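Everything on this sheet refers to the single structure shown next.
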Amino acid sequence: MSLSESIGLALVGLGCVFYLAGTVGLLRFPDVFSRLHALTKADNLGLLLVCTGLAVLEASWRVALLLASIWLLGLLAATVSAYLIARHAHHAGAAGRPAAEGERP
Amino acid sequence: MTTEALAGLVFVPLVAGMVAMLLPARAAGVLVIAALALVPVLLWPVTLAVWHGGPVLVELGGFGPPLGIVWRADPLALSMLWFTALVALLVSLHALAGFRPETAEGRRFWPQWPILIAAINALYLSADLFNLYVTLELVTLGAVVLISVGSKSVAMIAAMRYLLLALMASLFYLLATALIYGQTGTLDLYLAGERLQDGTLAAAALMLMITGLLLKSAIFPLHMWLPAAHGNAPWSVSAILSALVVKASLYIVLRVWFWTAVGIDTQMAATFLGVLGAIAILYGSLAALVQERLKMLIAYSTVAQLGYVMLLFPLASTAAFRGVTMHLVAHGFAKAAMFLAAANILRALGHDRLRRMTGIDQKLPIDLAAFALAGVSIMGLPPSGGFLGKWLLLEAAWARSGWGWMAVIVLGSLIAAAYVFRVAALSMFGSGRAGRVEVPRTLASMTALALALVAIALGFAAAPFFALIDRGLPPGMLP
Amino acid sequence: MTPELLVDVILAVGLVALSLRVVSGGELFRDIVVFIVFGLVVALSWARLGSPDLALAEAAIGAGVTGALMLMAYRRLASRSGGASGDRSRRLRLAAPVAVLAGTAVAIIGLAALGIDGASDSGGAAALAALPATGLGNPVTGVLLMFRGLDTLLELVVLLVVLLGAWAMMIPGPPPALHLVSRDTPLVAALLTIAAPLCVLVAVHLLVVGADEPGGAFQAGAVLAAGGVLLVLTGVLRPSREAGPVIRLAVLVGPAAFVVVGVSAMAFGRPVMELPGLWAVYLIETAMMISIAVTLSLLFGRSGGFRRGGP
Amino acid sequence: MSSLAVYVVAAAAVFGVGVYGLIVADHVLRKLLALNMMGSAVFVLMVAVSGSAQGRPDPVAQALVLTGIVIAVAATAFALALLVRIHHDTGRVTLSERGDDDD
């Protein structure tokens, strides 16, 4: 296994760890805001690491550019949807309330 | 010339429907009727070509089997096309008198209706298992849309039930198509028939396919959805459903059974299907006998009459094939006539309860006459087309010493006579008098009568009809 | 077990588990969301089965459009859950055995069919053989437009019929506004400025590469429809009751282009439905994309047409 | 066991699950979910059993499935429109047998 391959795989693995952390946060945190916090922060970083790892593995500028745009789009979608969910939750008054059983994703 | 005419059968109504979307309703109605009037004209050169040279084949896009789609106009397809063209034209005239252009129903009906005809024509022409699937979906969805056009709750719920069953039936059909394609590498009905090896897999595929198709054709015990859907559909639509739409899936069963499954041992399945048909005849006729509403009575009669088609599988002879083809066509005309007459009566009285129809023989004589004449063909009295169909089936059963089949055919006709006479008797001698009557437009009544007369006249046109059918019998049947 | 097979097994187990979750009868909203996830796993399975065309179509149309339509209908039904009817327990007792029987039968048939070597001169082989002469690189596009074009044309007509049906089923009165968030909401304007042009860009890309690589009019139309849905949800477009002439023409242009090209072939002595060249493929696919996108957006908005929304 | 066989078994299982869902569901929306899953199962089977050409699935089978997916979506869309209208007119979201034959 070459150096670039091991670096790439390590980055992808690290990204997966962040995804896992985000998911655990989503499942374990008590209310909407902290869940969103865990999900967006950890997952965006995870996506970045996975994309970087894949770019290193693929070693092509075209693929790297595509992966970069995927990450940016992911950021955009995550930002807007997290904002909208938080806004909705704030208006609905669910802000500080611990999630009821039925709301668990 | 023949190819262009064949293409016209599909594309003329299709384009008419598309253009009708852009027009106001009255202009759309006129355009649609003009387009549908062109269809019989286009059928002439095709009929002549088939009469003189046998089946006409068109490879679409220039790609033939095993890859491309083939249109195949043979006598069976032609008789269905002719019958569809004439019924469609007369039903359109009836609809013109009924679906007033200013109403929402009128606006919705005219684009939808010629597209349905285009789909039915494409279905009869197609000799490709997957293309048949697409056309059948188009026919089914078109029919469901037409049932719900009136926005009547009962009809919409019936349409939903029909749609869910039809979706499930399509999955069966698709799975079977995949199995046949996997084994033979082609979707062409005839090439697949040549390549299909007799075995468990082929049998399973055919079983799946035919189950799906019978579900769509409402063959007993898969008929539950039909009466509610056909009995509650608006105005001219019931006639379209009972005369044209249910025939489409049944036609595919005949095609697959007699042209694709040639090398497969189907003896037991044939008897089974025949028994289902026999039960359908008896059950449907008896259920029709006890109905309280005219349209429901006619709908149950459809369940029964479709059962006769199933007798072809166990009888499987030239006489039976001729009989069933004649029966399909004659039933289509007669049933369309009955539903149109019922639609006129329903509109005139505001209801179609049998017990409150007394006196309509005075006020709606043409409609009652149309119903009675169509009844002559349905119960199988000479000289009607219905008589010939049932007589040939009897002959086929006699030749096989199938006493049970003969008994069913005779019994079915007797019960049919009972329910037709019940309607006539109640409307003349019943106790509950009809209230205020709004006499329907003459055009609406005349179309019903014309359809009934065609059903009777078919008995006189039998010689050329059978001569045509004999030019394209299924493999293994001799003229 | 190779890593590839391991991925397949994980996907397969995921498919079954998600489907079980959908039918297990929890809250309807959650079941619809799980169904969408199921669709995405199906898309991954298509990619693993070597069919990126289907992966794209499943993700965009199967999971995306179906899911969006389901959620929309759910909202309209005001989350009313089905009342248990009297015969439910009897059906429940029957359901499990029937389901097991059906699944087993399909598994036996499917596995048996896997073991059979199909005919060597299959339609697929013929398609690959005929492909170079057409100038196309993607055999699926070849089958859809050139070799079996009638199927595709009739499929467009199916969409048309369904739209007519949906119009007939429109609830009387003005259609309710659909937008969930206003354009003035912070960030939403930013999303619109980036996402809406991007949808068009991606759609055109899918359309153009569809000739040689995975993609095509259906996938492109679905992506474009997603952009339309975004405009509806943010109130840029508002549903209106009547379909104007532009909407009607847009809905018709796909099947019309196909019919015109397919029929006019006969005037030049060519077989009906034959396409005269690559330009015809691009022309028809562009027209198809427009029709599909507009039809899907209208079905989503459950409306006759659209008008520009106020601020 | 090959990859194809894995997917065939999974598809068959999903088909069975769909049948179960179709039978037990009262809500029409749930029936449609079940039917759509059965559809996906059939599509996977179609591609799996149709064999391959040059290492990729048979192009004809892929085109058929693409057509099938679009038709399934179209039918679902109409069913949903019909359901919303039925619900609006009658308040019902189920198809249980109650006075369907008369009006």
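Letters A, B, C and D mark the chains as written, and numbering starts fresh at 1 in each.
The working rule: a contact is a pair of C-beta atoms (placed from the backbone, for glycine too) under 8 Å apart; a residue touches a chain by one contact, two chains touch by 3 or more.
The structure presented is a predicted model; accordingly, all values stated were derived computationally and were not measured.
Participant: For the chain pairs C-D and B-D, which is connected through the larger number of C-beta pairs in contact?
Facilitator: C-D
Participant: Cα centroid separation between chain B and chain D, in whole Å?
Facilitator: So the centroids are 27 Å from each other.
Participant: Averaging only over C-alpha atoms, locate the centres of chain C and chain D and give their separation in whole Å.
Facilitator: 13
Participant: Taking each chain's centre as its mean C-alpha position, how far apart are chain A and chain D in Å?
Facilitator: Chain centres of chain A and chain D, defined by C-alpha means, are spaced 32 Å apart.
Participant: Starting from the mean Cα coordinates of chain A and chain B, work out the distance between those two points in Å.
Facilitator: 58
Participant: Spell out, as numbers or ranges, the residues of chain D touching 2 or more other chains.
Facilitator: Answer for chain D, listing residues that touch two or more other chains: 32, 45, 49-51, 60-61, 64, 67, 71-72, 74-75, 78, 82-83, 85.
Participant: At which residue positions does chain B touch at least two other chains?
Facilitator: Expected reply: 67, 130, 134, 137, 141, 144-145, 148, 151, 156, 175, 178-179, 181-182, 185, 187.
Participant: What parts of chain C, by residue number, touch at least two of the other chains?
Facilitator: In chain C, the residues touching two or more other chains are 106, 113, 118, 122-125, 127, 143, 147-148, 151, 155, 158, 161-162, 165, 169.
Participant: Please give all chain pairs that are in touch with each other.
Facilitator: A-C, B-C, B-D, C-D
Participant: What does chain D use to touch chain B in their complex?
Facilitator: That would be residues 22, 28, 31-32, 35, 38-39, 42, 45-46, 49-51, 60-61, 64, 67-68, 71-72, 74-75, 78-79, 82-83, 85-86, 89-90, 92, 95, 100-103 of chain D.
Participant: Considering only the defined contacts, which chain A positions touch chain C in the complex?
Facilitator: It is residues 73, 76, 79-80, 83-84, 87, 102 of chain A that touch chain C.
Participant: State the interface residues of chain C toward chain D in the complex, per the touch definition above.
Facilitator: Residues in contact with chain D: 4-5, 8-9, 11-13, 15-16, 19-20, 22-23, 25, 28, 31-32, 35, 38-39, 42, 45-46, 48-51, 53-54, 57-58, 61-62, 65-66, 69-70, 72-74, 76-77, 80-85, 87-88, 91-92, 94-96, 98-104, 106-107, 110-111, 113-114, 117-118, 122-125, 127-128, 139-140, 142-144, 147-148, 151-152, 155, 158-159, 161-162, 165-166, 169-171, 218, 299, 302.
Participant: For chain D, which residues are in contact with chain C within the complex?
Facilitator: Within the complex, chain D contacts chain C at residues 1-21, 23-27, 29-30, 32-34, 36-37, 40-41, 43-45, 47-67, 69-78, 80-85, 87-88, 93-94, 96.
Participant: Across the complex, what residues on chain B touch chain C?
Facilitator: Touching chain C: residues 3-4, 7, 11, 14-15, 18, 21-22, 58-63, 65-69, 104, 108, 111-112, 115, 118-119, 122, 130-131, 134-135, 137-138, 141-142, 144-145, 148-149, 151, 156, 175, 178-179, 181-187, 195, 200-201, 204 of chain B.
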